[in-house]
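Scrolling down, you'll hit the structures one after another.
The following pair of complexes shares a single chain, chain A, combined with chain B in the former and chain C in the latter.
Moving on, here comes the complex of A and B:
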């Protein structure tokens, strides 16, 4: 135990001495949390839309006013003689609303009048949001002027009633940052030992592989926990999140997860005794896997089946689900118990692999 | 220096020797070669396949307090649509709520006990739809889908009602105002393929980030090995050294760009509606600015590892403030102006403008100008830094 602590202390001292690593450990996770959560958001406001009104009646004006009042759209002016599609091609507008002639007359005489909405679908997701919002506006307008539809739906949005994407991506990026920076530091530290041959001193010393690895991992767990505390301060203030239910699963999972990522970095450092290469592999595993295959941005079910099975082994996926559950859904232990166990299992596998790589080198006493 | 003089200079023997040396160095560096080919192709494919905002097969939990043919018809209308599928029937709203918070269902439908009676009496009735809104995007889209399904269900109900009762008067139509039927048409991507947006954005990201990485690695190697002094001692001028360093990288990265464009076309069948030449020109500008960023990073670092660490500080803002993966309108207002300073943003706008929308130079010139200015500034900055380092 004393040796483990000494090893951790040495590791932490090394981190504090290099400003680049220190900044990497403390500042970057925060920057990433703030930037990425803003940059991943898909909820659009104030989309420029062009209205071409071929009717010009009071009814059509009334209808356009409803669009003017919506927060999704922002009606912009466009010359009548220029084709509206040109506005989509040059990015001046995202959609065009075309109101046909006789719109007002049709309405007054009880005939259903078609209105066309041309949406720039080069961004398919925004196109879906735009057409969905426009449909909703038209629906509401219909309810107002015509008889109400026989069956209406009352929508209840659970867990995130304001549809804030910050609250969804905040926890995700929190996990992403934790999956990236601590293992990066751990991998660098481990590879540095091999690169500078200080590992040989470890081999000939009396410290065992377990003690050496645990000491290293413990140090980076401390770093990761520190990052987690700082970032969750932002989650609870800037992102406006609170614990939705029982917080104990996420506490246990956070400790297991820091162990998991620290072991991952150390394992890579053991297997790849070159700092630059180790960094690349950690970035690939920590960033790419967690970013793409963990349901951070879009649901895992959308990934084609040929790739989806990989996400079952991505440690970040389980932690993202646990954090989101704790901060938004509040399902507690019944919803996430097996995910906590998976994180523990994956972490132990990383640890065993690292130990296996170390043990081979060590001189038997 | 006259133009012919410049050309003679560029193809001088010394120049050729320097370029050859760079090529040889790249040829011998296995890792650099791999990082030129593998990551771009792999990342492009992964991003394109893995990031899809498609909303389908949401698990719908149902509480049917009515249990009539009418309520079952409503439920099957919803579950037969592509967006929802039945997750199961629950006895009470509490149980349904538990199922949604446990994650066993993504949405819930509650049909009230008087549903069929209200319908028969032609009274408007309300059903409750619960959506797990944790993911705001999925919730918004699925709400729109559910509304669309209900709308067509309503239209059917109305028509059936008229058929069944054979109302003797035509008068009600006059009393009621006509409904607006919004008909959305999706231009440029009628099939709403998600990957087209993602891969066209990731292309620019890849060009810049990869050029940065490769350039900083190759620049810093000279410094690490201490051979930069030998280059200085040689009769080659600093311009020659810089051009000879950049030209082979630029050539190889351009090949990588062509490969990436081929992936876009062959794997993702992204349409090429506009000018390919414009796209390639913009891509070359991107590569140049990437190389320049890499050079600047290299001049600030003493080792390859430091250079790579420094690029970690640069990549997140470059990637996230680009609109490569999400629309810029979705970013906070105060961040939106920053995207103007991002070459990835301009390149993405050009790629989407030409490939997807079939626009020409007239449509994308502001972005082209932005990218050009940016490249110009970066190249001159990097040349200055490099000169300073050499002298």
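Moving on, here comes the complex of A and C:
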């Protein structure tokens, strides 16, 4: 135990001494939080749309007004004789609404009147949102002018009623930052020992691989937990998040997750005794896997079947589900208990792999 | 610092190792290696060595670069598995006895981002020493090495000598019974080296067993026994005297006004079947190894008279360990037979021009003055040696001279340029070999050379022959595709040296080019340096081997950032006051300790088995007094005579005197 603590103390001293890196590891997540929440949006506002009204009746004007009233769209005037494609091609507008000449007449005679909506789908996500919103607006118009339909669907958005991107991405960035920076520091520290040959001094003492690794990992868990505390403070204040239910699962999971990522970094450092290469591998594992295959950015269901199985091994996946549950759904232990266990198992695998590489505590020949 | 020396003795800690127990084990060898082999893939680094080191012995391991010394150390330290064979420490496998061994690696294995105290603490913690004991022993050793002021300094900011002492302290704090020291003094200045060996002598007297590898053969002479290792095998084991005697030769020390000419004349008349077996340049003299001294002296006189070279001094002595080592390696065909340097650019037209002109250079780092008021002038065709202890400001000075570092004050002229010293025209004319290897470890040797040939703009037509020459000079023909990182340190230096002169610069800066290089290769370096100077290049070189410095045309000695002495080697030596006595006694280390009690520490030093004493009294009186003093203490004095000052004696006394005058700020 004493040697584990000694090892941790040495690592922490080195981390604090390299305060620039430490400051970066603590400040970058906050910058990421701000950027992600400001730059990524789940909803669409003020999208330029042009309307070609071939009818010009009061009915068509009324229909256009409904679009004007929406915050999603920003209606731009477009001459009827100019082809609508030009507007899309020149990026003047992202959607075109075409009202046929007989629109008003059809309305008056109670006949269904089709209108055409052309959406620039080069950005699929936005296109989907635009068409959905346009459909809703058209529905609203229908309801205004017609008798209420016998069955009416009422939408209610739960857990994130305002569809706030802050609430969606906040927890995601929290997980992403924890998956990137602590393992990066741990991997570099471990690779440096081999690179600078200081590892010889460790080998020549009788410290065991377990003591050595646990001491190292513990130090980087402390760093990761510190990072978690700083980010949570930010999430609870600036992002206005609160615990939705029992917070104990997320507490336990956070501790296990810091063990998991610190072990991951250390394992890479053991296997790749070169700082640059270790850094790249950690970045690849920590960032790409967690960013792309954990459901953080894209729903796991959207991942092609051929790759989806990988996400079952991505440690970040379970943690992000636990964090979202704690902050949004509030399902508590019954909902997430097995995910907490998975994190522990994956962490232990990393640890054992690292141990397997160090086991002999000897120079590899 | 002179008081420091006496304190070293007074402060020698009473080690907790039980002496009786240590002696009880005397029957068991401290280190016992049998049929030890180590193979890396196809390469056999250690080929069945047998080694037995007795308790309390200082045992030296010498051999050329790449002889397998480091592999042997790693096996004995228990950090690497042997391919086969036995490696026992006090009767048990080395791996299990790690708690009894202290291991100093070539790279020192310190954490540069931890302070001195934190490094010691971590080492102690790893070995489960109680915190109180770590602090107590740490302070004790820090005081012993005069380092207690630096406890809070980051290890990365220590000079080479200090780093070496710190790693020794780290190894000593757990109180091991065996110390394994792998070239601990490489790159360390003569003063620190001397202190280090004095400390080792005391540690061994207190019961510690020490196995040490060193490229400095005068140091190796201080070992009780020495093993000569070559290509993974131990060729010979014995005391320094036994090894030297096995040569079956006498040594003639010869001094003439033109050593280079003398050397080439005599070398053409030497060989295994001639009277003169070998001719070796050593400092300001030639050492001739001869079978029959009388006959050889006669031959030398005849040859030199015919060539018109006068003889200043000639006398017969026993061969030194370095003589023996060099002669053995030559006999084994290890001499570097490099092809002729393909010189394509002759700088002789520049000869005599001022290449480097520095006036009152000053460099401040955050309130610490690293270099003060240094002025020097170096002409084309001249070899200028810059000497100084670690941390005296040599590297900073070189960096300013070659334009890498902007001076805080003073003026610089380099290759005729005064303003932009980094212009392409200037850079093309200079070559710089930095102290730390400037090669890329992850490139092959060939790729490194191609790269440097490219950046220095070596014309395509010359490139191939130049690179071939570097490979031949380094003795690495056929190994060009090996990764540079896998080369032993001494070989990397050879390649780095070759890379620095690929483009035939007419101004060359060499920062400790021969550090860690074996004696034979060092001689090849100097032959090359002299040849380059002959073609008109101006060369500035630093070295910790002071006998090498004798080959410089002029020398500058730096202490604490200042140039305190400048002149030709003989000029500097002639300014030394007092007389040098050389004594040969039966217990040299005890004699040194005794003498240091009665005189200033810097006046006494050990060169191998020879004791040097600098005295201000008349030599006859001093010899008589010293002999009486030593004999009264029960020592036997075999011989005592006045000798010439060596450059190393002068260097040590200049540095120590400056330190006494209060210039202790050798460190930031």
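Just so it is clear, the second predicted complex is superposed on the first by the 351 of 365 C-alpha atoms of A that agree within 3 Å, B and C clash if a C-alpha of one lies under 4 Å from a C-alpha of the other, contacts with A are read in each partner's own complex, and residues count from 1 in each chain.
Basically, a contact is a pair of C-beta atoms (placed from the backbone, for glycine too) under 8 Å apart; a residue touches a chain by one contact, two chains touch by 3 or more.
Quick caveat, the model's predicted, so the values are computed rather than measured.
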| item | value |
| --- | --- |
| Chain B versus chain C as contact partner of A:201, first or second or both or neither | second |
| Winner by number of chain A residues touched, once chain B and chain C are compared | B |
| Partner chain(s) touched by A:142 [first = chain B, second = chain C, both, neither] | first |
| Contacts of A:58 with chain B and chain C, given as first, second, both or neither | neither |
| Which of chain B and chain C A:3 touches, first, second, both or neither | second |
| Which of chain B and chain C A:108 touches, first, second, both or neither | first |
| Partner chain(s) touched by A:237 [first = chain B, second = chain C, both, neither] | neither |
| Residues of chain A contacting chain B in one complex and chain C in the other | none |
| Interfacial residue positions of chain A with respect to chain C in the complex | 2-3, 6-7, 9-10, 13-14, 17-18, 196-207, 360-363, 365 |
| Chain B contact footprint on chain A (complex, rising order) | 20-21, 23-24, 28, 31-32, 35-36, 38-47, 63, 85-86, 88-91, 94, 106-129, 131-136, 138-139, 141-142, 145-161, 163-165, 167-168, 184, 188, 245, 275-277, 279-280, 283, 288, 292-293, 297-299, 301-304, 307, 321, 324-325, 328-331, 334-335 |
| Of chain C, residues touching chain A in the complex | 38, 40, 74, 77-81, 98-99, 101-103, 105, 107, 109-114, 118, 121-123, 125-128, 154, 170, 174 |
| Chain A partner contacts - residues on chain B that touch it in the complex | 31, 35, 43, 46-47, 49-55, 57, 74, 100-103, 119, 122, 124-141, 143-148, 150-151, 153-154, 157-158, 161, 173-190, 192-194, 196-197, 200, 217, 304-306, 308-310, 312-313, 316-317, 319-322, 325-327, 329-332, 335, 349, 352-353, 356-359, 362-364 |
